Amino acid sequence: MKEYELFIGPQHPGVTGNMMYHLWVDGDIVTKAECNVGYLHRGFEKLMESRGWMQNVPLVCRICVPEPDVNEMAYAMAVEQLMDWEVPDRASYIRVIVLELARIAAYLMSIGSYAGSLGIYTLPQWTLGDRDYILDIFEQLTGARVYHIYIWPGGVRWDMPEGLPDLIEKTLSYIEKRLKLYDDVFFRNRVFFDRAAGIGKIPKNRAIEWGVTGPNLRACGYGYDVRKLEPYAAYGDMDFEVVKYPELGDFEVISDGCDAYTRIVVRRLEIDQSISMVRQALKKMPEGEHILKHPNWLKWKAPAGYAFSRVESSKGEYGYFVVSDGSSKPVRIHVRGPSYTHGINVAETILKGANIADVSQILFSLDVCPPDIER
Amino acid sequence: MGLFDGDIMKYEDWNKISRIASRKSLWMVHFCTGCGAIELPPVMTSRYDMERFGMGPMATPRQADVLLITGYLTVKTLKRVVNVYEQMQSPKYVISFGSCPINGGMYWDSYNTVKRLDRYLPVDVYVGGCMPRPEGVMNAFLELMKLIDEGKARGWEKYQKYYEQYKRNQKMAFNFEREKDEGA
Amino acid sequence: MKALELIGKGEEMHGRAYIKSDKEEASSIIKKLKENGFDHFVMLSCVDWIDNNEFELVYHLWSYEHKEHVMVSIILPRDNPSMSSMHELFPQIETYEREIHEMYGVDFEGNNRLTPFMLEGWHDMPPMRKDFDSKKFAEDVFDSIPEIKEEEDEGI
Amino acid sequence: MVVEKIAVIALYTTIAMFVGILFMGVGRKIVARVHNRVGPPVYQGFIDIAKLLTKKTNISHGWIYDLALLFSMTGIMLTILFLPIGGVKLLSMEGDAFLVLYLLAIPALGFALGAGASGNPNAAIGVMRALVMMLSYELPFVITLIALMIYYDTSSIAQIVEMQHAKWAIMIPPFVLAAAVADMALQGMLMEAPFDIPTAPHEIASGPMAEFGGKHLGALMIYKAGTIVAYTTLFVDLFLGGGVVMHDGSVLAYLANFAVWFILIFLVFTLSLLINTSFPRFRIEQAFKFYWKYEALLAFISLIWVYLMVIS
């Protein structure tokens, strides 16, 4: 068949949300890919400029739908930098618990949808069902399932309710039990090896230059994690090893890294890591205040300056660049979403030469999340 | 056309069979237009399981009956949504999620989101909240089933009847600047 | 800080190195930083300082080696702002430049992909500029769209 | 006599379609149970088809698109008629094993014709994949069929069923191997994972079905229901004695055979669903390699084994 054009999205199951890839295909091979985004552009950065420092808190979490807490965290950190605040210890530990639980939820979702893109619909059904138990924890802690608005500049909104640690422990052991089942069905499945190994390779020597971050970078063999490089919240006190490519634990190393298989297995291993971190944080959590006293929200003025904060999300590195001129509203908030590089430049390059059967697999393994590209 | 004219079966009875069947088998388009799509997977999967009521996601608009507007709509998405809606085969229904399609929600002053969906597409059921909880979503589906059963879910007929008005509004949103120039 | 030593100017701001530069010098500074371990390009952002009538472009770089973040800032005039593209240094700058071109109207010479990025059929002024009033625009455009007038009878 | 025959044929095709549509609902229920869900009611298939057939608008893409479905439907009905259901022969004759092989290709071709006429690039890719899939699974399947024909020394499916009265083919060692091969071929015929490549929703938006909607999709679903019955019955006829347990020709035997046939095709279908729920999907060239390399080899071994048994 001669060359033809194919549109993947925005209405297509094989794309990771409301975005579009325009493919030029020769036979089964993609010769050129172009990403088209903007379907979710709400102009957050514009809206934030006309709202006060505290009014922006409910806006930021809408930037990443599967894992909203990282945005709250990054924004809170940037404001704390500007205000020169030191967050109470207890709040830092609660933040770690919230962030890690959100990470588990996001990884369950991304693994599930990746498996769905390979055609095994059992796994998404299981992972998404189990993810709901984590949302139950959030509901008890914050009152909301998806958008928590819980991490505020200066601490967390309220203290942890009594009895929640038991629920968290119960849920974590349930998820651990279920993870074994996922391993048997999917992570040790021969067809999965055949499909995923060596697909969607990011050249290792160019990964950093391309701005690849997070699990995708760790799958290339670089053990870089913002939680280790620039410890925020209470991550400095946590005991964990960064998961990176050749050390894949119980899982087979069947390819030379940087491919869809390694990316998904790294995500799977980081669930284990997050579970252990939540347990550590619960054990080490000190008593004390949970939030600093805020100035009057309507008259809150942040000192002039430039602040940049970065956090590690399940998709990669989130960066918040906040500029203040000393008034009650920010001059500029710019969000660096991890999918900005993964979804556009990296995807456009690595889709070249891929089989159309693998396009959706590659997109899901990069875990592209359009809302943080467009904002 | 004896079957439809009342020779064999009354037109109303025929309609009733159609309604009973379509109530219990609502297929929705797989289109995540906004953040509300995050509460759909829990509704479709093992915790809430909407397949009990015969609902399921469909890959293309031709096969589907229900269009879910999951959250805010940007102008760019609205164009695609209108395309998808027009490709669907009637009877077709629209459910809108969250507060954004009702009155703009928290994006009331955004330059790129459509504020009131009912000016561009006929909406059968609204679900309030940001985000609507899965229970709310399920309730909306059940409400739609009830409306279909009573013959009140007539958004698609409304769209046909007032097609010019809908088209005019859509055009105004798509090419606002050009329209303004012509008007001036 | 390593970056400040390397370039020989700039200041520290909330734990980040902040280097003021200008249009001509910027690309050589960024090249030098890249060669000396600052190999992760974080982002390119633009700030609209309407009172001074200027745009500020901020290039953020991060070094995994030195664990250090550096911002390189460039001031551009607000009228006909233009800058040379740096997408040869880091390929993803192309996308950031596309976004800033669309949102602020800054021109990047050498970038031949400055096509519409997020907005489609946009005719107004670039929306992220401070003098663009989002609220007024929303009222003008979306509130002026009339409701569907329905007839009384419910024959349908 | 002719009228009677036509009546019986009409009855059987209706029953086959009915069973097929029922199986679609039951299948969804079984899959849902594996997913930890409740699942739709077992009669969901009937509701879906009723809904699709009562859709108000109907978009056609030309007469080829309309007729192609009839073409497929005819193909699948003819296939059912040539297969003994519960030992009842409808149109069986000498050499019908070859005929069935040809007939099995007709529905897929009709489907391809219709999808091609819809002009959707996804449909075109899907059709190409469907044709490659057909080419892939037919080789191992034909080899197992030849093995059966050599062993039973006949080319009539009805006779193969009759010869299995004493002992089902699957109880003979070489045919265990052959049955395994045929079961994987069945997986490809039914388009279940790991061979649901032609209709992969994530890759090509459900492929050939992309443009089908309303009444056309309803007809397509009936055709799909027919394929479930036809292919599972073919497997049961070839390896499980067609479900025949009583041979005295009484009404009781008739009913008993029918019941056993029903249970057997249900089991075969369930097995295929369970495989479906536990495997991701192959890429098309991997599926081709799987059938032509491993499956064909196993089929060949069973063929030689049978040949040695026959000549010794």
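All chains are identified by letter, namely A, B, C and D, in their written order; residue positions are counted from 1 within each chain.
One rule holds in what follows: a residue touches a chain if its C-beta (ideal position, glycine included) is under 8 Å from a C-beta of that chain, and two chains touch if they have at least 3 such contacts.
As the structure is a prediction and not an experimental result, all values here were calculated from the model.
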Farthest-lying chain, centroid of Cα atoms versus that of subunit D: C
Separation of mean Cα positions, subunit B and subunit A [Å, integer]: 30
Geometric centre distance via CA averages, subunit C-subunit A, whole Å: 23
Cα-centroid distance, subunit B relative to subunit D, in whole angstrom: 37
Cα-centroid distance, subunit C relative to subunit D, in whole angstrom: 59
Shared-contact residues (touching 2 or more other chains) in subunit D: 35-37, 201, 205
Shared interface positions of subunit B, touching two or more other chains: 30, 45-46, 59-61, 76, 109-112
Subunit A, residues touching no fewer than two other chains: 12-13, 38, 41, 43, 46-47, 50, 125-126, 129
Touching pairs among all chains present in the structure: A-B, A-C, A-D, B-C, B-D
Residue ranges of subunit C in contact with subunit A within the complex: 13-16, 18, 39-43, 45-49, 58, 60, 62, 64, 67, 69, 71, 90-92, 94-96, 117-120, 127-128, 130, 132, 134-135
Contact set on subunit A toward subunit D in their complex: 1, 4-6, 12-14, 28, 115-122, 125-126, 129, 185-186, 189, 191-192, 194-195, 355-361
Complex contacts: residues of subunit D adjacent to subunit A: 31, 34-37, 121-122, 124-125, 128, 193-194, 196-197, 200-205, 277-284, 286
Residues on subunit A engaged by subunit B in the complex (per definition of touch): 10-13, 17-18, 38-43, 46-47, 50, 58-59, 62, 65-66, 109, 112, 124-126, 128-129, 131-132, 135, 144-147, 371
Partner subunit C, residues of subunit A touching it in the complex: 37-38, 41, 43, 45-47, 49-50, 81-82, 208-211, 213, 222, 224, 229-230, 305-308, 310, 317, 319, 321, 323, 331-332, 334, 336, 340-341, 344-346, 349, 374
